[in-house]
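Labels run A, B, C, D and E following the written order; every chain starts at residue 1.
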Amino acid sequence: VGCTSTKSGSDDAAGDGKTKIGLVTKTDSNPYFVALREAAKAQADKNGAELVALAGKFDGDNDGQVAAIENLVQQGAKTILVTPNNSTGILGAIKKARDKGVLVIALDTETDPQDAVDATIATDNTEAGRLQGQYVKAALNGQPARSILLDGTPGSTVSEQRHAGYVESAQPEDLGTEATNGEQNKAQQATENLLQRATTVNSVYTINEPAARGAYVALKAKNLADKVVIGSIDGSCDGVTAVKNGEIAVTVMQFPKKMAEQGVDFAVEFAKSGKKPSGFVKTDTAVVTDKPIAGIDSKDTAWGLENCWG
Amino acid sequence: MTPVLEARGLVKRYGRVTAMDGADFELESGEVLAVVGDNGAGKSTLIKALSGAVIPDEGEILVDGERVRFHGPLDSRKHGIETVYQDLALAPALDIATNLFLGRERRRRDPLGTVFRRLDTKGMRREARRVLDELGIDVKSMSQLVETLSGGQRQAVAVARAAAFGSRVVIMDEPTAALGVQESGKVLELIGRIRDRGLPVVLISHNMPHVFEIADRVHVHRLGRRVAVVSPKTHSMNAVVGLLTGALRMADDGSIEEVDLTTGLSR
Amino acid sequence: MTTRVSPSEYILRTPAIGPAIALVVAVVVFGLTTDTFLNVDNLSLVVQQSLVIGTLALGQTLVILTAGIDLANASIAVFSTLLIAKLAMTGTDGVVALLVGILAAGAIGCVTGGLVTGLRLPPFIVTLGMLTIVTAVSRIYAQGQSFPVTDGTLGWLGTTQYLFGQIEVTYGMAVMLAMFLGLWYALSRTAWGKHVYAVGNDPESARLSGIHVRRTVLSVYLVAGLIYGIAAWQALGRVPNADPNAFQLGNLDSITAVVIGGTSLFGGRGSVLGTLVGALIVAVLRSGLTQAGIDNLYQDVATGVLVIAAVAVDRFSRGRQR
Amino acid sequence: MTTRVSPSEYILRTPAIGPAIALVVAVVVFGLTTDTFLNVDNLSLVVQQSLVIGTLALGQTLVILTAGIDLANASIAVFSTLLIAKLAMTGTDGVVALLVGILAAGAIGCVTGGLVTGLRLPPFIVTLGMLTIVTAVSRIYAQGQSFPVTDGTLGWLGTTQYLFGQIEVTYGMAVMLAMFLGLWYALSRTAWGKHVYAVGNDPESARLSGIHVRRTVLSVYLVAGLIYGIAAWQALGRVPNADPNAFQLGNLDSITAVVIGGTSLFGGRGSVLGTLVGALIVAVLRSGLTQAGIDNLYQDVATGVLVIAAVAVDRFSRGRQR
Amino acid sequence: MTPVLEARGLVKRYGRVTAMDGADFELESGEVLAVVGDNGAGKSTLIKALSGAVIPDEGEILVDGERVRFHGPLDSRKHGIETVYQDLALAPALDIATNLFLGRERRRRDPLGTVFRRLDTKGMRREARRVLDELGIDVKSMSQLVETLSGGQRQAVAVARAAAFGSRVVIMDEPTAALGVQESGKVLELIGRIRDRGLPVVLISHNMPHVFEIADRVHVHRLGRRVAVVSPKTHSMNAVVGLLTGALRMADDGSIEEVDLTTGLSR
């Protein structure tokens, strides 16, 4: 099946039936994945391909991702771009898809082993956490970091990796860790409660920018916003704006659009020539702040607003 | 004289069961009409159709000679027909006074009532106490929940409600079934008083002595239809029992004859 | 033989007494075990944190009293926040945006109510469907973005004032109190309230008693919808940012508050006072456990245990009656 | 006058007929509008995709028949997968690990049942508490990791075979079928089943009729727990990886399947056959909409609408009786 | 002779309501004992205590002279006491045969039954048909759901159940309340037959003619306690009615005297 479909790819693109590309994200609610999806759609349109976007229903919905991959294969997708929930959960479905000649590319998160997919385009989340910690530590001018840590969904890989990266580089005293599911409301509530006893706080680690904004609202209500360094990760336009407004000190930008575009390009190329990409394409991270610190490579918010997503 | 409430050829089927099979019904003004019949004869179904609680498959219902269509119990209420259902239709978790006035609560006359639609709770409790006392039912408090009442006390609440609000017809489906000797007597008295107010009453009962004590006419129901209407003055209890069991039959000329044995067994 | 009810019996018959005991116990325990829980600031925070779920739970109470359940309430409120914020962003006057948002929530409530009464579908499944639909529509509408709110009216409920120069209160608390009083009055002092209880207690009896069962149920979903709209306003007061991903567990949280508050899921029994207490209990648990320095996951374990315990306390405080 | 029931009446009284009509309609519509839906491979996939939720829904059906509800079922199954996978990873024999996992699920079911019957707490709140607790315990136990499963026994249910060289079937399907038949038999042909229905229909009457109400309810939660354990096994067959974050919506999804299947949330009425059909309907919708090339968010909207429609079809197909 | 079933000083309070206030009770072997009393007198509460459905606050219950403690209806059943409750205790969504055998289903005798615990559905339906026919109740099919039955039909199912399974005592709380003339007659006949089997029967009824037709002794209940036990042979219906309304009083020597008017009004 694989060969024939490869061959007929270019005909499809020209005729009625466009090349079908499947995209399976972790969820369809997280702004990050929405940005990724929209970018992939735009890129597919530009290349005259059809993109069908599916997703799990929540972080960790392996079963939903497996079903999505199965259904895309049934529907005749030539390429499937997938951001796996975790590195091993959906390998079975990926293997079945590849056995049928479908090109499978992992986006954002690697699989274990890496060669379970044809190619991987991803960021390093531990590194992102590390960068956040590095900046926060430096911004504290030699004070030891005393942090509130706002995590994502308990137990999610991304949440664990970013957290670990931050702890490694900032070496904070942990004044309280709360799960926020990356939601502003929960982050605000958690910070409010923690501030009742964490009176010595001087820094906040956040899993993403909504959580950072929640922390900011809670700190501001206690008139602590100026005294506390809030760090974050993601690089959405809202987040960069918050950095520009001085609400957040720093954010570590990721580039979902680039991942998506690259992935779609591979898919289009595969449909045209049957050439499968391989290996690991690492996308960048960039520290965005308006208060650069010597020794830390960073961009300002003007650059950030040009390159942000969402 | 046109009957106050009339029905012609009512049919109601539940799957294979035909609960009413061409039932006729006539209620004259100012009378107490007893409806008697075996268990499962279709009496409750008949009066449910008359009160809008069941929508018949066929047949027509007339109020004061005019054809009506009841889509629910509210429609019959609007025509002044008030019903005590066999299973009472009370809300167990609400108190007695609330149940009594359910669906026609009284508001206070002061601005609180007219503007803020506040209920006249005290007034309703007082009134509830009055109508229950009239029935001689001994209940501690009008704010007692119905689910804590004894079977007979509950029935009394349902009867009191119908008696208090009926303006054209009052229908009672076995109102004394769970009542004691004294209380039954009070209900019969009450029925008499309702008739004296000029309202006709339909009384379903299995208690022949009661029926013969109060009824002006007796409608005999059997196998889903009316088989006879007799007067307690001219007919004996035994004749009525015979009619409702099918041992006797009313001929077209109104005379009563024995059903011959072979036909009787054919069922 | 009088129609007066003795004080002790009145207390026993008040369905909120069990939850109230549970609340007091929780407050006392956290007061004793932590130094920060019982300070005025913190107590005020707890109340503020209970406002959104509390408001959602008020609407939920109405629905549950009719033997229904509303799984879509939080998603409706979230949709409403998005509508309000996006309108305000595109220049619509704050008050107008707010009204549109609240009315939209009411309209969605009406649709739900219409499906429940018109087609006689089980509320669980209708609201589950609505949950899926409204959530998806919110996400489509937001296109992966969230919308910060700057208009004063929209964030007004979060404005703090100081009573006696000490106690931090917000307008949101006042709105909550007003809504609670209004609902309490409507449920216990008007015919509509009696009908709501009757319909939930025994719909067939209510029908035979001449109550417009469908109309009553429909009105309940409409009012509940409007309340969810106000919950959206409360949410914007708390977090001046409309996010399609907010309050994903708001439905279960609000049901928890209602049930802890002693309202029966089978309908016809319960009170808004209980719900208020229930919402506070949940907020107290979350805050108190944080003050006690308990880790997130262990907090979850404790919350689960305590929620069950709170209902058990309620059960036993009333068990004497049976 | 015979005690036989006529065929047409039998069909009308079979509670699964409405859902079955909805299922057929859905299959026909997707068959006509897409070219890929009706192929054998795809249909087999749809069945495979319904296995986990279907199994959870079987247990859920039991609980709902007793007028309860189980919000913790999926979290119990997830905990069970973790237990099994972690045991197997540390060298325990697959079969033993599996047994431990299933028995642990049964034990948790027992605790739930004990709280419901012993303390007479509402199942909604008990299982909501259990959901919070079990989920947190799973996460604590997993410590942020997920566990791939390599042992053959554990993934065995996902093994595919070909019938007639064409139709892809898995052992999971066979286990599902066996479980369904077992439950159908137990519910409709044994005294235990009659007691389950009676207890759900009217607990007070059941008590007065001399049924051990508590014992019956307890046994239901126990059996349901064991079934959730088997659901864990099914899950490992589908996704050979135990993840503490999996199946977060499994509780609502399984309730949806049960309700679409025509079982009443008020207890005492329903069937496992309906549940099976209900689970298939949900899987058919998801798959069919994907085949039709509809994006996720719009799929959600469509699923919401269609779930409501499926229940409406059920209601109307039975409406004739009233 | 020791009574088959005896109770001494039973008390049951519901909040402020005292439903039983030191009630005594005695049932001799082989007799039909009627229990009569006003609505709310506490008759149902008494027999619920005797059948384990209600746990009294005070007092003791004896079976064949031995003290027992009932924690639930099952305990009394195990002693062979079978009860028809006033609200029938049927599961509406289950069919007639299932209701009749609820809690003591019959399994098939073949391996399917012994190993797979399969019920003998056919056998139970056949048996159900037989006991209902004995009561002369006309029901189409034993697989009809109880909720589709008429009020009287339901009551017949409950009566049939108690009659079929009682082995020491049968208690019936107003078993004929909803029954027609014929059907009531059948139930009275049935009670007679049960007595002929040697089983004593407790019959609660508001229907004095029925009571006087069948009872060997009459227990009169008033305001939560037994006020008299009389024999229908030596006392008139009017005397019994007087006793239960409180117009008459039984003196310690067993003679009946009028309550003087001032006392009568003090309540």
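For the reader, a short list of remarks on this structure follows.
Just so we're on the same page, a contact is a pair of C-beta atoms (placed from the backbone, for glycine too) under 8 Å apart; a residue touches a chain by one contact, two chains touch by 3 or more.
Heads up on the chains, UniProt names are B, E = Fructose transport system ATP-binding protein; C, D = Fructose transport system permease protein.
Everything numeric in this text was worked out from a predicted model, so none of it was measured.
Least step count on the touch graph, chain A to chain E: 2. Relative to chain C, the most remote chain by averaged C-alpha coordinates is E.
Separating the CA-averaged centres of chain B and chain E is a span of 28 Å.
Averaging C-alpha coordinates per chain places the centre of chain C 30 Å away from that of chain D. As a whole-number value, the distance joining the C-alpha centres of chain A and chain C reads 34 Å.
Annotation: 72 Å between the Cα-based centres of chain A and chain B. Of all residues in chain C, those that touch two or more other chains are 139, 297. Multi-chain contact residues of chain B, defined as those touching 2 or more other chains: 14, 16, 140.
Within chain A, the positions touching two or more other chains are listed as 28, 154. On the chain B side of its complex with chain E, the touching residues are 14, 16-17, 37-41, 44, 86-87, 137-140, 148-153, 156, 174, 177-184, 206-209, 241, 244-245. On chain C, the positions that touch chain D within their shared complex are 71, 115, 119-122, 124-126, 128-133, 135-137, 139-140, 252, 255-256, 259-260, 264-266, 297-301, 303-305, 307-308, 311-312, 315. Here chain A touches chain D in the complex through residues 28, 50, 52-55, 57-63, 66-68, 70-72, 74-76, 85-86, 88-93, 153-157, 159-160, going by the rule given at the top. By the touch criterion given at the top, residues 1-3, 5, 185, 189-192, 194-195, 197-198, 201-202, 204-212, 268-269 of chain C touch chain B in their complex. Interface residues of chain D, counted against chain A in their complex, comprise 36, 39, 41-42, 45, 48-49, 52, 136, 139, 142-146, 148, 158, 235, 238-241, 243-249, 286-287, 290-291, 293, 295-297, 299.
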